[in-house]
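Please read the structure below before turning to the comments.
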Amino acid sequence: MSHNTFGHLFRFTSFGESHGPLIGCVVDGCPPLIELTEADLQGYLDKRRPGQSRFTTQRQEPDQVRIVSGVMTEEATGRQLTTGTPIGLIIDNVDQRSKDYGEIRQQYRPGHADFPYDAKYGIRDYRGGGRSSARETAMRVAAGGIARKVLEGVRIRGALVQMGPHKIDRQRWDWNAVDDNAFFCPDPQAAREWETYLDGVRKAGSSCGAVIEIVAEGVPPGWGAPIYGKLDAELASAFMSINAVKGVEIGEGMAAAALSGEDNADEMRTGNTGLPHFVSNHAGGILGGISTGQPIVARFAVKPTSSILTERRSVNRFGAEVDIRTKGRHDPCVGIRAVPVGEAMMAIVLADAFLRHRGQTGAPATRWPFPRPA
Amino acid sequence: MSHNTFGHLFRFTSFGESHGPLIGCVVDGCPPLIELTEADLQGYLDKRRPGQSRFTTQRQEPDQVRIVSGVMTEEATGRQLTTGTPIGLIIDNVDQRSKDYGEIRQQYRPGHADFPYDAKYGIRDYRGGGRSSARETAMRVAAGGIARKVLEGVRIRGALVQMGPHKIDRQRWDWNAVDDNAFFCPDPQAAREWETYLDGVRKAGSSCGAVIEIVAEGVPPGWGAPIYGKLDAELASAFMSINAVKGVEIGEGMAAAALSGEDNADEMRTGNTGLPHFVSNHAGGILGGISTGQPIVARFAVKPTSSILTERRSVNRFGAEVDIRTKGRHDPCVGIRAVPVGEAMMAIVLADAFLRHRGQTGAPATRWPFPRPA
Amino acid sequence: MSHNTFGHLFRFTSFGESHGPLIGCVVDGCPPLIELTEADLQGYLDKRRPGQSRFTTQRQEPDQVRIVSGVMTEEATGRQLTTGTPIGLIIDNVDQRSKDYGEIRQQYRPGHADFPYDAKYGIRDYRGGGRSSARETAMRVAAGGIARKVLEGVRIRGALVQMGPHKIDRQRWDWNAVDDNAFFCPDPQAAREWETYLDGVRKAGSSCGAVIEIVAEGVPPGWGAPIYGKLDAELASAFMSINAVKGVEIGEGMAAAALSGEDNADEMRTGNTGLPHFVSNHAGGILGGISTGQPIVARFAVKPTSSILTERRSVNRFGAEVDIRTKGRHDPCVGIRAVPVGEAMMAIVLADAFLRHRGQTGAPATRWPFPRPA
Amino acid sequence: MSHNTFGHLFRFTSFGESHGPLIGCVVDGCPPLIELTEADLQGYLDKRRPGQSRFTTQRQEPDQVRIVSGVMTEEATGRQLTTGTPIGLIIDNVDQRSKDYGEIRQQYRPGHADFPYDAKYGIRDYRGGGRSSARETAMRVAAGGIARKVLEGVRIRGALVQMGPHKIDRQRWDWNAVDDNAFFCPDPQAAREWETYLDGVRKAGSSCGAVIEIVAEGVPPGWGAPIYGKLDAELASAFMSINAVKGVEIGEGMAAAALSGEDNADEMRTGNTGLPHFVSNHAGGILGGISTGQPIVARFAVKPTSSILTERRSVNRFGAEVDIRTKGRHDPCVGIRAVPVGEAMMAIVLADAFLRHRGQTGAPATRWPFPRPA
């Protein structure tokens, strides 16, 4: 029963609204004795932070995270270490412009959660989207920073692989290019084209969607668990819980439907690592819900921002028909800032899977080859 | 922490392997006083049952479900009613042919969970796939039958919308056609074409994937909950936990990325039902993780069956390279039998969302229009 | 998996240490549209607050609670209402005297959690007890204040019924007396005697234990659930989780062992309330884990404060034997301030039971008498 | 949300009623590669089995447990090993005498769960107590047998320390005596006296309560977790969930209230085991919710059997007053058979605590003495 909690052994609970005094989260179950400072988290938050290019919302939030519990400085070494108790994280809301919300209070913006919140609760916080604001994802990014610390030896990276209808050319994939453009795009040529494209979208007061790919390398075989704790099921839940996400794929994803069995099943050879070498990775690193030792590859699609300048038809709280133009500061492509959020959710799912695996099995080094017949 | 449990208030726990004496599950949290007999569940199980056409495995399993607890016959009326206590369901395994498993015991079939199970646990039940067998999904279908009983007024239907690379023509969608072919295909013409296609696949000892669409009508606005209990996040987890699923979509799904904000956000008008009328349903009936009152529309992709007759390269338990041809009785397209499984998971997620919503809010009739300003 | 989370549908997660910047909690699953202000919670916190008499620690903490999320002021009425989203509560630590912790850093105080924390985590926050400080209970009291709001019609009261070896005379029980003494004692004469007794204990630098009784009236029949969600099992867990508690009783409690079946089983008569009238309440309002409509009666024992001035034998972090006298500001009888904490935990368990009951059954008015035979 | 599930990482879910075809449970999260056969469990079930002396119910149930999933015989060694997948356990109900339930169907037996079940669900299984029957505890005992296998090096034993008002003399405690009498009594002289006492109770058609003590030796320091996952809170919930239990104590229990701080806090010395030696064990092996390395000592009180031959006043389903004499086969002291059940619940809580501890911390050997200052 976890409306606002994610995870099992490594779990976090977030709270706070877009225009309240602060947002926060509690990371519970973190192993002790991990070196952790605010600086370890701030870098990830800065990647997600709005207002860094003309392609994201101009809301100015420094997103300075404070660790308010769960760490202790060891006097002997001066290192700040986790203590195994819950880590409280807080980010103050700075730029929640006071204003007259006027009609927004009573109107339901198309594509937004306004109507369903009212329908469910009979009340909603209409200031900046309230709880449904993408601002909540800042806490995921902070929690994800802690999860990464738990995942020694695992490297998690994300990239935008499609903006609107425009896909990257995967032949040109260059991880080093990701930080050289405003889009986390691994294809430098696509990044240049997207710049022009997104300028057009932005100036038209329109918006577009995106597809994000997250890759985790260094995950050993054996994480995840059948049947309802499958690693891919946890990932699907994690990514689908991000604002505006409408689809999730593992490995070949939806395209797997069109493959033949011969083309899809990844063959194996003996490698020189003491583990099977997979000739391909259509599975995205997961079979039967358990990691195979291959890179975990997942993608998710983000719908176009629903806040646009074009007038749209809707209804209001009193049952009247209205026309709405959503003014204010918005991302023309929220998918961009979803990249660090996706990385964080991948980290959180994996940290949890690691601890659960260690709990049940003691997490010995993977057993292969086996000395004895089955 | 629920490796083998799914759901929160309405939850089920499954157990059993493909070639053990039986498979079973426990449905906990079901409301009392619901009329329930084995006949209510058997119809759904019969839809999933193998051996019904030349297009599914020839394993013969009657899949007769027994209700072993949680119901009581009211003497006064003769009706068998749920009592609110856990409902135990059991299906005996009948056709688990005794045989020499020989090399399978030591070999890892490509695309199967053989290697990761061994890597995780150091042991695996190699008989018919053991716990990773699709046989487990029979229990989901049975539990789904109970969930449907909880969901009075909600209609859940599924269909195959793509087989291998061949999609249906959505203009020809006819729900009545679904039961008239061996594929749960809503497009009669596509069904005829698929017959030829799948015969070819089957005779070649190959396999193909599929895309399944599940639609739930009659869900009121307000089910689901932000942020980590989002209805779409629960659905994503539910569908991704089904064997061989590699992608999950809600509404427009992955295609949402290519739409503009104008095209994607569903406009609203006042309807004549006392609730807003949505002009379109790109959102698939869910906004902000909460149902909108529109039909819930979800899709998932099933990869091609990994068991094929073509020889494939792999490794064995002892670290040697081997070539494998998977003989035995298999579905050339496991996606077909995934249709009733997908319906069941939709029902289970919705039943749980309904009870959770009722728990937190008392589940009043949806409040719209509102008498008072916000 | 909830190290720092309590409850299911109505659940709260606490964080923070004794000497960090703040303590906090997140209350999740609260129904919407409940009027809630900080003033609603402050009264309960003031009851628990230290430094109010010479019988509690002289640490000065105003314990001002701030609600930082989950509420919204309705413009039309000016009422602050819960929105159904997570309610964040924060209390700043004000009086965490900066000092040299010196030997405490390396020593294990007898009766304290010092050694087991180090044994478990390899590190501990030794400042004021860190996470194991009774300070954490302030958050329970705040969360309990919200739970009370959910429990319309239920009245929860607590009292100290034994201090050290001195029990009250239950014939003199007067709820009105509880607030007239420093001990929450319902027996005015005992309260006077305890004053002398506790002064002696305090001056001797010693400490004593206590027994607290919590009574909830107005709980309808039907809350709680077999088998592992029994109302009494949840209460036992709730009370045992309070610092220093070593025993929990429901109704007759441990004394039930000495009764005969005739004396123990509460007889029933038809009342004039539309529900059975119980002639006695040995069961403490719970049968089979489900409320009967009688008052819920529970007790718990608090051990004597482990921090005492007498020198005690112990060991330190380096494996050496040491002698310890625990200086500092302590409660000679921590049981006193456990009264509002016990009330809060009762409220939290009942609010959760209410929502879970409503979720599964729809919570109709209790069905008795029944029109039809079973 | 676990009405019928207990535990987190090591968890079990039970189902089945007293007079249905069978009872069963699913043990999830068990580590793999543990040797496990039905014989390992049967011994514990035989201890709990009714009909073994004149002091327990004469219902004849062989209580033969079947393992129906989650194990696999290793061909090379012939050993049956756990596979890490859910272990299904089933016990057939054999002696559920078919009879006319007559008035019981409509009447509420005092002290039984009859009325609250009806009040909650509007229906109840009146045959032999249905779900509230002590028969369910057989599944706990079976699950506890598996938990013991997980707990290598931990020894769990239970004893009856009070029958009705008659306590044992703890000076005479002899664990070897426990199996030499019909009461699991560790005091041979008390056992002889109880025989006479209980014969009198039985012949009078009356009943009596009991107190059970469970001791676990060999638990290392560090299991359990603050704040709401405290080891003692989990134990309190576990024992209170057993039928008829009304009180739970850890270490000194309720008597701790009457001790002084000097007498209660266990002093420590350096031992010769590499861990602190505690001079006493008032804490019952738990401080701050975490094990100290001392024996875990817990007690619980069982109320007298509510089914007695004396006529008692009650009401029926239709709202009429009735007089009830509960005929049938009953235990005059259900506390006796609660001993193996208590042992099982201790084992289950500890197995779960062990796996959770291993998950979060990696469960290194306890760190003491420490090489470095804090």
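The letters A, B, C and D name the chains in turn, as written, and every chain counts its residues from 1.
Rule of thumb we're sticking to: a residue touches a chain if its C-beta (ideal position, glycine included) is under 8 Å from a C-beta of that chain, and two chains touch if they have at least 3 such contacts.
What you are looking at is a predicted structure, and each value in this text was computed from that prediction instead of being measured.
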Pair exhibiting more inter-chain C-beta contacts, A-D or A-B: A-B
Label of the chain whose CA centroid is most distant from the centroid of subunit A: D
Whole-Å separation of chain centres (CA-atom averages), subunit A against subunit C: 38
Approximate Å spacing (C-alpha centroids) for the pair subunit A, subunit D: 44
Cα-centroid distance, subunit A relative to subunit B, in whole angstrom: 26
Subunit D: positions in contact with at least two other chains: 1-5, 8-9, 14, 29, 32, 74-75, 84-85, 105, 120-124, 131, 226, 356, 361, 373-374
Subunit C contact footprint on subunit A (complex, rising order): 1-5, 8-9, 11, 13-17, 20-24, 26, 28-29, 32-33, 66, 68-70, 72, 74-75, 81, 83-88, 105, 120-125, 130-131
Contacting residues of subunit D [partner subunit A, same complex]: 1, 9, 29-32, 74-77, 84-85, 226, 355-356, 358-363, 372-374
